[in-house]
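Lettered A, B, C and D in written order, each chain numbered from 1.
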Amino acid sequence: MTGTTTLAKDFTIKELLATFVSRQVRDGERVAVGAGLHVPRAGILLAHLTRCPNVRLYVVMTFTNLTKEPRMEPFYTVYDYRPAKWAEGYIIHDDFQEDPRIVSDTFVVGGLQIDKFGNSNLIGVGKDYKHLDFRGPGAVGTLSMAHYVDRYYLFVQSHDKRILVDKCDFISTVGWGQGGSDGRKKLGIPGNGPVYCMTPLCIMDFDETTKHMRLKSVHPGVTVQQVVDNTGFALIIPKDVPVTEGPTEEELRTLRERIDIEGMLRK
Amino acid sequence: MTGTTTLAKDFTIKELLATFVSRQVRDGERVAVGAGLHVPRAGILLAHLTRCPNVRLYVVMTFTNLTKEPRMEPFYTVYDYRPAKWAEGYIIHDDFQEDPRIVSDTFVVGGLQIDKFGNSNLIGVGKDYKHLDFRGPGAVGTLSMAHYVDRYYLFVQSHDKRILVDKCDFISTVGWGQGGSDGRKKLGIPGNGPVYCMTPLCIMDFDETTKHMRLKSVHPGVTVQQVVDNTGFALIIPKDVPVTEGPTEEELRTLRERIDIEGMLRK
Amino acid sequence: MLPERKSLVLDEHAAADWIRDGMTIAIGGFINSSHPMALVRQIIRRGIKNLTVVGAASGGLDLDLLIAAGCVKRLVTTYMGGEHYCPVAPFFRIAAQRGELDIFECDEGMFYCALRAAAQRLPSTPWKAGIGTSFPEINPEIKQYNDPVSGEPMLAIPAIKPDLAIIYAAHSDAFGNVQHVGTGFGDRAMWRAADKTIAQVERVIPNEEVRKNPLATSLVGVDAVVRAPYGSHPFAAPGYYIEDGEHIREYVDAGNAYAKKGDRGPIEAYLEKYILKPKTHEEYLETIGIRRLVALHEY
Amino acid sequence: MLPERKSLVLDEHAAADWIRDGMTIAIGGFINSSHPMALVRQIIRRGIKNLTVVGAASGGLDLDLLIAAGCVKRLVTTYMGGEHYCPVAPFFRIAAQRGELDIFECDEGMFYCALRAAAQRLPSTPWKAGIGTSFPEINPEIKQYNDPVSGEPMLAIPAIKPDLAIIYAAHSDAFGNVQHVGTGFGDRAMWRAADKTIAQVERVIPNEEVRKNPLATSLVGVDAVVRAPYGSHPFAAPGYYIEDGEHIREYVDAGNAYAKKGDRGPIEAYLEKYILKPKTHEEYLETIGIRRLVALHEY
């Protein structure tokens, strides 16, 4: 948030979310740029181009620094070789398991289901693992990355009761377990659970004591009631719920002119 | 032993031992060319240049094939970068631990002490580990390599009672343990123990049932009594002890003209 | 005279002879890139059954195609999708939902633990991530135990040893010195774990060219080399071509017809047209057409 | 305006400030090659004490020099010698025989297990080789246990986590993208295991040059870079110079005077002449002399 701090007036919810993501990045970190999710990808690049010139970007199994690139060429997949033109070095995919911290200090996890303690599920929906109602894609690297990084974030592209559930049918990435500030310690795992859950309606965080999900801010035009109506568990609602802060004019310009050239976030 | 099979008449014990080593190599294998020991190094190269064109040679952390090299440039150390000029590919040193079999199918182990069951010691000599009479260099990679390869060989540069002992003060690489054909199985480790022990006086193997060391052949000019007198344990002596077979004329010529240019084996 | 060093180059038929019913086969690449598709199509053409298929981490539609064709009994992978082409691989989804597929459920960290254990000749290797998740429950081969040094809870991930790895790379010499363009994803881990490896490559290059840049040699010695230009099609090949999105969509449409309407017609037509009718990789390429292939340049 | 990307280049004094009494320091290279000697000499010059020194696997006379100078409390290495220059490192030998050195006794396989465990944030990793040897007895930190999957006996090798790795490489850009010439031995394993890494390099190269060959980047981001031409002297530097055998023999002779006759005179003279009197790496190079240095060409 250097330079112009005048807030922009006209932006999409996706641009707002990308801005929120960008503000989670700290300069000098290693940051994996998940390619499949446009919003977190744009948000990380926004941080890099506005505030964090020393971030080491992990892009499609290469490390790079893009501050001198006038415009981002599109890269949408984790297998696309074309971004390798920017590479300062390669990471062999199985190397990440030799030291997951090399890849990233932060991570974004999605889910078919996310529960009130931030546990998430990419395995499938149904009561019987052998006869699922809906089989998901699988955990990818989410549980290992989330375990090792300094902090991670939950992100869903739709805010509804099918996704935000009281209890996941299966847990592929553990959040705060069965809750409580020692919810992870009790399991014998490091304390770095999910920090925020980002949705198209709002930002949620976790109550410090119970680690139960709590409304943090609603996006412009969204009411608290709308969030409550679309959430499958009893969300903690604080007295004051601010509106999620949008991009500054500079951030929006950088986003549109250097990162999201094709306008994926404007659709 | 292709081509000329006429045995050479005039050769050194080191050339004889190199020839013996060369006959242990099988074509198509991966073979680590330990650089520090001249005799095994020359022996492996001799096999490669006379019988085994498809061996993958592991030379100073590179893999290569040297059949088209008219003469070997000297390489004596495991850190010398110059042999990299021949490389077809690199092995990062810690990669060997990801799959030791990648490096070699065979290995040669030395020792400060070697006992009657082929256990060997590179740690030190003395009764108390905290107050050794002589501290050795350490195990290097011997125990891991010997564990993983298809078969390994013991090699000492001097045949005397200080080295060939009844019982090692410490075991850095396990041979046949406490003996018996199940001596390794009883420990819960793979069955590939040492095959031969090579010395400047003789070749020894291991009795099939007891896995006790046994005289296999004496080098030209060496008597059985000489071997017995210089061995620190009761060696099994078969009725007939042949003389170790020396190089053919072709082998000796290859050794002298293409491998051991400096005459390290003739000293 | 010393005989010449032996070439390890095989044609696709001779290489496919290495693959038999019931084997454990690792398949290299990553999602929509770098799969040895000439060999995968040979597996289908030959009707090989009951395979345990390992990876890639992450997997893709190459594996889904093998499931569609009825070749797979057991699957070891962390992700089965096609990114923006389809969120979950269609035949995988239905087979999994019906319990018809034996899945070794794991994430990428665990996946490489299992391959590393095999390479290191260890029965298992430890992993910490996964405690508190459903993995030890839905994959009973993963055992929780206490670390012998610290006493803390750990997961033991069992070794998975492929009989054969088939991987795709840009180049190899005739002696099996393979050079990927790009990182090679997790292909090294498969090569280390597997008993044998066949590399299917875009080009066989002279040994002299390998020696010019030994640092680029990603697999120092595979057991056989198969030359198949455009051999990762319809998937991408780093340095050569991008994926054929139109073809992938044709496959996904056939998958969705089955997954959503139970209609196997379109996939049967797909298999017939692209795999069963062409008997060789060259015939497959003719079916795709050179115009389409040359349009898939990298930039 | 976005600030410029920060240079990570430090001078040898600022880098040496990172090293403190009692730390665990990994030192890269291999036997008589590729040690960050400018930094090692700074450690001695500053009289840093009670270090736990990790590696290299295999170690060499760089570590012996630190022992000679009284900097080392604990040593993690698999081999302490100088190949044909000396079979066992002299100061190491005497200190070990007297029980003055705390040694984490291991072989190369176990050494990398310990570093990998640290990198993977695991308390230990398993290794099979070593069962039936004296290692679990002479290194009680190694625990024998039964594998949770197969029940067979295994050794748990505890994690060893360096606070700092100091490694030598040919090149780095100002942003810590390090490119070794050659394989880099086990330097990657140290870098992954350590909290921070300082790379001492022959040349600092432009970022553009790194980007020309990203495959050559061996350490993708260290924490500091120190430029020290001829900085591995008296040891070899792949692509630049071979070891200075004459100098190494001078050191070994000083070591033998002590090991065989208890005479510390020669080593004290060595330390004074080559380390304590020159205050900087440049002064060290002047002491060695440019004639000697330029004679150590690679071929």
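To be clear about the criterion, a contact is a pair of C-beta atoms (placed from the backbone, for glycine too) under 8 Å apart; a residue touches a chain by one contact, two chains touch by 3 or more.
What you see is a predicted model, and the numbers here were worked out from it, not measured in a lab.
Asker: Which chain's mean C-alpha position is the greatest distance from chain B's?
Answerer: Most remote chain from chain B, centroid-wise, comes out as A.
Asker: Just the number, please: Cα centre separation of chain A and chain C in whole Å.
Answerer: 29
Asker: Counting only Cα atoms for the centres, state how far chain C is from chain D in Å.
Answerer: 39
Asker: When the C-alpha atoms of chain A and chain B are each averaged to a single point, how far apart are the two points in Å?
Answerer: Centre separation, chain A to chain B: 57 Å.
Asker: By the touch rule stated above, which residues of chain D touch at least two different other chains?
Answerer: Correct list: 116, 120-121, 127-128, 152, 215.
Asker: Do you know which chain A residues sit against two or more other chains?
Answerer: Counting only residues that touch two or more other chains, chain A contributes 62, 84, 90-91, 97, 100, 148.
Asker: Name the graph shape formed by the protein chains and their touching pairs; answer line, ring, star, complete or other.
Answerer: Contact pattern: none of line, ring, star or complete.
Asker: Determine which chains touch and list them pairwise.
Answerer: Every pair of chains in contact is listed here: A-C, A-D, B-C, B-D, C-D.
Asker: Where on chain A is chain D touching in the complex?
Answerer: 2-3, 30, 49-51, 53-54, 56, 62-63, 65, 67, 84, 86-91, 97-102, 148, 190
Asker: Show me the residue ranges of chain C that touch chain A in the complex, using the header's touch definition.
Answerer: 30-34, 57-59, 77-81, 83-84, 87-89, 92-94, 96-99, 105-110, 112-113, 115-116, 127-135, 137-138, 152-153, 181-186, 188-189, 236, 238-239, 242, 298-299
Asker: Spell out the part of chain B that touches chain D in their complex, as residue ranges.
Answerer: Per the stated touch rule, the residues are 36, 61-62, 76-82, 84, 90-94, 96-97, 100, 123-124, 126, 129-144, 146-148, 170-174, 177, 184, 187-189.
Asker: Taking the complex as given, what residues does chain D use to touch chain C?
Answerer: 120-128, 141, 143-145, 147-150, 152, 154, 156, 158-159, 215-216
Asker: Which residues of chain C touch chain B once you look at their complex with the stated criterion?
Answerer: Within the complex, chain C contacts chain B at residues 1-6, 116, 119-121, 173, 175, 177, 192-193, 207, 210-211, 214-215, 217, 219-221.
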